[in-house]
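Sending over a structure as structure tokens; questions will come in a sec.
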């Protein structure tokens, strides 16, 4: 076994010359166990330079100190007002509890996402915000994240098995601590449904006939907008249709590049999708989803397939109280409505963590009910994952969301989180956007995606 | 000493000069100073611009996700995929050339025309100049935003004016793949015309005013004066304007990045620079593939730059 | 001693303010048409900006109730106040200054050095040098970015220059360096054209007097290039201040980023207030506007991009 400690105790410069991010290194647990033992031993500090000299090739890449230096750095994509102050409150709670300071580095969410790879390889913060699912596993398997099994040994009891699975990398180690999730569903206005006598559909045919009825009533049945940076929004409908028609497992396999996009099952998804298109709001390719949501606020549209975050567009409390959602309707009875799309956000520790002890403490705190409460007290467009969280102050939507998610048999993350992000943003999203403009091109759309797939998934 | 001529600056006198070997007169200290004055900027330029460019060229033959050191040599695979299996590529090339054609035909001549008019000694010229130059002062990101609130399908100025923001008659300026490139081009032209106006105005100020005067005394009308006298005498600036236009067209990025969205290509708005960015800067980058697109763009740029450089610097040799 | 060429009869360095030759002109119909045309063009050019200004002066409640194309009930500066405080604009303004001022100065210094060299001395390398710089400036930035990022991670920086990171990446130095390296090409090109219009006799006389190269540059050539400096300072300030591509990739710390990213902060992930963004967007343009207005007089005359050479 090489000398895993070498890189981490010594390099005062904060980076080592070699071993950044070599995946598949030494199993994290054993490494840590060994570390603990070694650091316990007296005189290690003196020996460190010697170790450093021969540790160049080790799989370890961080240069963290064994002792908590009192400050943890935290890279946040929460640049909006709500998450920004929610994170600030959460970190303040941590400081109060532990005495450690947290230095927050906020980068606007788009930039944060687009530059995550250069960020993690450059000078990342100790702890950073990220998303569960394939998107997390990708960076974990590239060696850019630090395993946190020790954190989970303490916080594990607070989370369900499904959440635990979401927090593990492909190597079976934990890399992620979730803070909240939010469900996707079909949002509507209760008062509008009441006034017009609409009923919440549970079956696909009812869904379509409801849309037809709305149209004949002079409403636009679906809010619709995927303009500018929002080309991810049509994926929500795609994901749900795929899970309703072909089941969760097929959907995951498709997103992971294991199933063929030219499969007749996928054709079926597009066929159903195209049945919705006569009922959607026009001008969608140039409309941001926020503007589409405004049509729902103004009751010009009847429904909107989106995540719970749509609630943030309802700035008037009365409107917000009038907002409700239902599960995406069943298409294939085999799969019913059992799958829910519930993207999960949370935290990871970077592989170049400088204050590992502090970061570990912070992660443990973030996995506690207290952290959840501090966060959700400010950002109420999400729901807690932690079973210790206080749900008594939830609004109606949040309460429903919790119930909705807990009843699901399987949870998906979202198209761009359950798959290679490059594949989704450079292949799938443009292909679907193009298809929406020309729904008769299903066959060529499928083959376009399939032929480019091999560039991203090498089996 | 040859007396200076008052004729058109463009008409070259054939004065050949005997190279005066001034170099020899330089002291050692002078030489050191000169070396430093030139050496430092040149070194910086080479290290930060040319070395990375060459590295990109090499990377285009590799497969690399930008993480760690797992760079694999794949030969021409990226180029093969690019040409045969990347649906956004050919549209991007097409759009870049449409962009170029439009720029050369519309805002560039218009900017030149404005400059020519503003160069006449007229009142309020500073006001006109400033008003038209304003778009040049603000960043393309802000230009993008300003046009967003004009093109917005529901609340934008255009659709509100035309009443085309109702179900059934939407004009989707930025979404319709047959329309969005043109919508963006209008916004881009707004700025580009200002840019060209300023460049050309600068050129005109340096021109001998006796020229057009002589021509108008000879009875040429404004158009003839411009085409026969002014335009040819402005050859150096014309070249610069042409090159600036070509480069701005090929490099077009910020505006579409803002107006078209920054993840993945939007149908109708595929551009080379955007595809490079999508592949190189992103969550799961494909550096080799993105670099291959960059190299294609580089080659197209060089095809444009080289004749320009040859043209511009040929004179140097004669001196 | 011979200089060839059109030694400048009216080189721009000599005459930023050319006497107006034809002052006494009677008003001709053509002039009227011209004024009408220019006025219309100016208005058309201003409309998008004015629309943004109008939007920024209205409250969100007003526009969401009545639409954007409506008469404002009340005009307010509230959006400006909010944008100023919410997006951290003051901090980003300062960051942009930290990048733009040194970058513009260094670019001008470097490029005037090189231009002085290629325009005043006959070395064999001149042509190659000028071509190198000019071609470099025309490269698309995306071509460079990946290797540059890697390079920046390898170049060490003393701790006091970039606390916590110790490399060129995520430092102002790095972003300034690439701006300087990249923009030097264009400025060298303009400067060399400009300097060529300065009669060689001037420096030659100095040389005969025994002036060193540095003195020739510093005391003779440089003062004559003032208009070119003004022009390039304006253009470069605009370009460097407005850049967001380099900053996008070369910074990882949010609070170090320049003004262009403040806009992104205003453009919320879940809630977008156009009126607020309009206010923020317009405010970001103020510094470059000021620079332009201040240097406007020299701006055009300094940009005589080689019109004097044949």
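Letters are used for the chains, namely A, B and C, taken in the order the chains are written, and counting of residues starts over at 1 for each.
Operating definition for what follows: a contact is a pair of C-beta atoms (placed from the backbone, for glycine too) under 8 Å apart; a residue touches a chain by one contact, two chains touch by 3 or more.
Because the structure is predicted, anything quoted here is derived from the model rather than measured.
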Given which chains touch which, is the overall layout a line, a ring, a star, complete, or other? complete
Where is the C-beta contact count highest, in terms of which two chains? B-C
Could you tell me the distance, in whole angstrom, between the mean C-alpha positions of chain B and chain C? 15
From the mean C-alpha coordinate of chain A to that of chain C, what's the distance rounded to whole Å? 40
Residues touching two or more other chains, restricted to chain B: which are they? 66, 152, 155, 281, 285
Show the residues in chain A shared as contacts by 2 or more other chains, in ascending order. 110, 114-115, 118, 121, 294
By the touch rule stated above, which residues of chain C touch at least two different other chains? 248-249
Quick one: in the complex, what on chain B touches chain C? 1-2, 4-6, 9-13, 15-20, 22-23, 25-27, 29-30, 33-34, 37-38, 40-42, 44-53, 55-56, 59, 66, 114, 117-118, 120-124, 126-142, 145-147, 149-150, 152, 155-157, 160-161, 187, 190, 194, 198-199, 201-209, 234, 236-237, 240, 243, 247, 250-251, 253-254, 272-273, 276-277, 280-281, 285, 287, 290-291, 294-295, 297-298, 301-302, 305, 309, 312-313, 315-317, 319
Okay, in this complex, where on chain C does chain B touch? 1-12, 18, 20-23, 25, 31, 34-35, 37-39, 41-43, 45-46, 48-49, 51-52, 55, 63, 67-69, 110-111, 113-114, 116-117, 121-123, 126-127, 129-136, 138-148, 150-151, 177-178, 180-182, 184-185, 188, 193, 201, 204, 207, 212-214, 217, 231, 238, 241-245, 248-249, 260, 263, 274, 277-278, 281-282, 284-285, 288-289, 292-293, 296, 299-310
Write out the stretch or stretches of chain A touching chain C in their complex. 13-15, 75, 79-83, 105-111, 114-115, 118-119, 121-124, 288, 290, 294, 309, 312-313, 315, 381
Would you pull the chain B residues touching chain A in the complex into a rising list? 65-68, 81, 85-88, 148, 151-155, 159, 165, 167-168, 170-177, 180, 259-267, 278-279, 281-286, 289
Across the complex, what residues on chain A touch chain B? 20-23, 110, 113-118, 121, 135, 138, 142-144, 220, 227-232, 281-287, 291, 294-295, 420-423, 425-426, 429-431, 433-434, 437, 448, 451-452, 455-456
